[in-house]
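Presented below are the structures under discussion, each in the form of structure tokens.
Okay, so subunit A shows up in both of these, paired with subunit B first and subunit C after.
And now, the complex of A and B:
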């Protein structure tokens, strides 16, 4: 059974490949989260600020994700919109300990949602309220309030608190994302 | 944290994001006392604020990280300037914080006190020193000491030390104690730091080593070596510097622009022992910012001037309110340089050259402004308000500053309609009648005018003969008189205001007499003398009138001002008495 199953997945589910955009401000933990989602032997040890963007792949039980890990630095943020067309889902990472730049994150989110390539597509958005381990971090409820997530009516979204270093909360988020993508495909 | 934008202007809310507003942050600071620096070398910029505290207490060096206070250090004296600068080439490149207060510069590294620099003492007056030496050996008593010091103060060219000036202020009974306390301490004269800035030593890089440039109360500019804290350059100025702006590099070429208390701005260059250029302004300088090659000066007369670096005026802008503070906005990624001006009318204006780019409304008067990298955001504007609040705004990535002139379109006066009255048919008919009967109208009017003149002259001569007028303009006795009646009766108060209107001739020997119906009114003294009337002064003379009729009748009372020895009155006033309401009611 195991062999057949593996063969089936190798032949059939291989096609279920999903392109995901990973967005967020610089220093929010995008690369760390993506790295943590990869299998243990493929993880890198030291993570440096992303220049431009990088393409990463990871698999869940039924889907294969291709992630565009974008750089969040101010000067690279105008690159984001070039990849909106390809994105079938969005992972938006927020540094929940950076209260000062919450407005910047909100602003970037608004620009993202109002972009022509995103506005009329019903694509799932997963928010990670990252850096939950820090002492002065905000709760995921507070983060969703500050970002006015309740105003997103036409897209399925989900926010989960995460700790990118330990990997806490990531699985929950990815499971939700997988469910949403499968629900949309059927 | 306020995420909702409260600014009413649509254009402004599209440029700035309200990151943080804390109205009770308790920050009393000035633009010169705020610095942004990557204190721990982790890429997260902190804000260092020299808090002036409330009055002479609670002066603190506060460090903010994000929206919260990271640390606090107590300061001994009022901070006049705070700068962050790199002292050495050591790794990691963590900047030191220099706080100028009094005659000292306190240098903090890793937020711990590290070094204290003291300004060199000034020369002491030799005579003063001698006098204090004598006091030390008890050869003179405090009173002689005071006399001698006063003598020195009046003629010496080197001013007295603070100790002598304090001594001269004291009361005689406090002098003994003061002399006994301080006579053993050697006499010295100190100056204090008024302003401080940094100057790159030999590289223009962001992380280059910086020299400190300080201005002192003694009217001097010092440039200090960053590592050894020795004085590299010392320049004298004609007045006390208050605001500094420095650019260039110490080893190559630099310019120091200094605004002084005498309302002048001086420009110093490398190797110049005295100011190279001087800009004279008609008002005190309240803000000085260099934008590229121009110097922008804000004055206390609500104006903003742009000067070239050789001191030539390029433009002037009049502002709607007085300037509270000024600062430079440098948008590095788009290489925009502009001036932020905090105004008293709760606005912060952004000027590029003389064009107003943007207006930010603030909930309180902004007293200090600082734009730069804070936290992880490059374009952050930090403002502290008069009430001690802290406002942080972030410039949007997509914000566009379009060049637009402040005076757009024709002046408002052009669109106001003039209030010209309308003419009706009545007016047109009247003009027709005038056209037809012009000759008759003219004749009749002229005839009437002759009659009017005759009657007026007759009445005037009659009044002059009887001296009925209340103003006399004769050369001998120029007087004016007016009378006021107060009260509702039966007792009235009569106030006669008598004034001599001549240049320099006092009136003497005048009398006042009343003429009235004795059945109706009673005046206690109906005839009295007037005091000497000094020219120009108003003499109120009061008497009481009692109404003795119970029928509710009123009559006229006449007042005569007479010259002693003459029977014709000089001036006369007629007072129509009101009906006595007291008796009517009774």
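And now, the complex of A and C:
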């Protein structure tokens, strides 16, 4: 960091940058959520299944997030681990109305947590129990039970019910993430 | 699909009557709707929900008790004008709370039901129906029995005005102008009417009704005859229907039926492929539900059912999930909203406690004064005393806005108190000697905390009449008590019906004498339940009744100076004769009584009793064997060696025992009825056979139908 950068961040002109990984099964709503977090004029209208991954940026009050929006399709899932090293936080999105694939999500979460690059780092994980507007969706408490989140002892985590289309619940989640990252830095 | 609804309490107003809460249609960009509710203090409150806090829009000043609240407006526009009926007056408010109408109807009684359609106003008092157009009197009708609800089929679809009255005598009356078109009989006293789908279906003629004994039905009211579609019988013995609404809460594109009952049950019915209703969801609250509506109040995008309860809680059952966030922690985190609520309640409570403490001290001080009078706090009791058709018992339901502390039941006639499963109250019977004070029953129900509603079951005996009193004490300071009095009529087990089988053998009792039509009608009111207190119009009248215990029937037709009573049961006639002559003597009226007894009718009644008696005897016999059979089963390890008859008893053991426990006095009741029949039969012949009763009881103990018949014939 150069002298100018340091000065700018001290003055609050330039925000600290954080790399975040956005993971989850296909069709859980990752791209929709990231899109909704961007400023209104930068949002896209159409969202199509992600191929490979894409890089998105958005800002909160004190941090600037760079998100690796990974594709959740089965054949692209092995790409995830290549980016684990850069990730300073993880957003894990779950389709809370998809009861059938909840076990698949659980399995992916377990492999993620047991990966060498993740296992011993204390990085915050934010879960979005997405699609809460659907009638047959599970509550966030139920989702956390099904995914056995209480077994995560060495990382701070948080689960939020969210509706990616309307943007409900997203702000609460990102606020929590921001607090966690700032608490880690200092 | 399973539906999951979460309960959210919004606001509490005063005690509410039936159908006094509505949702205003959503206006402007905001998708959430506002709630209007009228209470018995006369206050109309309108509020919306912002960030799960109730934000009032307007609130009127207290006045007379609000009996109905409806929305209206010019036809074809958004229906958002609020109309309330209080006393004999109808008031109209805009959605902002500005009063634009105050219409003093010249009804002598207060309004009980109201319907608004464009500029047409339909009002009902107890027996009177009135139709106003632009506040000008148009039509008038006097109904034969009390009116509980009124509705008019949609004018836009039908292009005629067809008001429908729901009357207490199990009839829907369809009017045209001031004249009765026809009557439709429904299976119980109708308590509420609603248009199917909110607009009367495709034809605009489909009408939903709910009865006070818990049945629901759909009828198409065509121009000159009704077409019944379906009925839902009340198998689970739930309470009476107080409100019906149509709303698509399941989200499948078809409107569902929302039902609110007086025992606090909320039900959602959908339609299956054959257009028959199926239950999708039910939820139990602890008090009567007075109004129900579907809509969106709490949060945009989440549909919900909004209901108001008797004590004035406006509550939502919403599709919105409750727990939105959680994290690692030993227990579920209490959300911030909840914490704020707890904190605000706590501070409010502290302030109130302080205030009440001060006031109490002042009250104690001023109560020492010799000239001051201590006023009693008034509270309202919502009570219902109805005859159940299925088990020939009365159910008494008491509901108070506050929690009940205890209820004392006193009766001067012999009655049995039966167990009610829903009751959590502790009952204690006090010993009473009937001789010195005339009490046959003294029972105290002590209620558990927060019980606002108490249900009791009472079984009476035909012929024994008097009063039953309930002393209700709620948990308020200073403790006060209100007494309610209920009449147990001489022919208490008879229920009004509209059919009569002429082919049965009949006993006839005819009366002639110097009495007016009103007088004999008042005797009828005294003798029989479900007779309107007001003497009917016309010169003569005929009522039909059915005995709920034995299925025997009674026909009463009378006019000025003459009355004829037909029944296939001699006991019924005998009771009528005794009571009527006692009443006439009281008023010093000379009655000429003559009767015509049919010999066959005794055999007929015995044949009616026979299956019930045989069933009870068999039940008693089976229950007797259960313990012994169970012991055998334990010893042998299985019951394969038993004969099939015993095996079936073992299989149904629990059911049989439960039934036996439920019917303790059933056999004694039947014995009593047969004995009465025996005595009455010979009384009409002029002989007293009381000495032969032990012999009859002996025959009953070794019951055989033929032996009993011959005993009746010969003795």
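Brief remarks on what is shown
Note that in this section the second predicted complex is superposed on the first by the 172 of 186 C-alpha atoms of A that agree within 3 Å, B and C clash if a C-alpha of one lies under 4 Å from a C-alpha of the other, contacts with A are read in each partner's own complex, and residues count from 1 in each chain.
The definition used in the following text is that contacts are C-beta pairs under 8 Å (C-beta built on N, C-alpha and C of every residue); 3 or more make two chains touch, one makes a residue touch a chain.
Note that the structure is a prediction, hence the values are computed from the model and not measured.
After superposition onto subunit A, the modelled positions of subunit B and subunit C are compatible, with room for both. Once the two complexes are overlaid on the shared chain, A:103 sits against subunit B while remaining clear of subunit C.
Applying the stated contact rule after C-alpha superposition, one finds that A:111 touches subunit B and leaves subunit C untouched. Seen from the CA centre of subunit A, subunit B and subunit C lie at an angle of 70° in the overlaid model, rounded to the nearest 10. Looking at the shared chain after the overlay, A:150 reaches subunit C, while subunit B stays out of its contact range. By the touch criterion defined above, A:160 reaches subunit C but does not reach subunit B.
Of the two partner chains placed by the overlay, subunit B and subunit C both lie in contact with A:136.
When the two structures are aligned on the shared chain, A:74 is found in touch with subunit B, with no touch to subunit C.
Nearest C-alpha atoms belonging to subunit B and subunit C sit 8 Å apart in the superposition, given in whole angstrom. In the superposition on chain A, the residues of subunit A contacted by subunit B and by subunit C overlap at 136. Looking at the complex, you find that subunit A touches subunit B at residues 25-27, 74-75, 77-78, 98-104, 106-108, 111, 136, 146, 148. Interface residues of subunit A, counted against subunit C in their complex, comprise 132-133, 135-137, 139-141, 144, 149-150, 152-153, 156-161, 163, 166, 169, 172-173, 176. Listed in rising order, the residues of subunit B touching subunit A in the complex are 1, 3, 17-20, 43, 66-68, 333, 374-378, 392, 394, 396-398.
If you check the complex, the residues on subunit C that touch subunit A are 1-3, 250-251, 301-302, 319, 321-328, 332.
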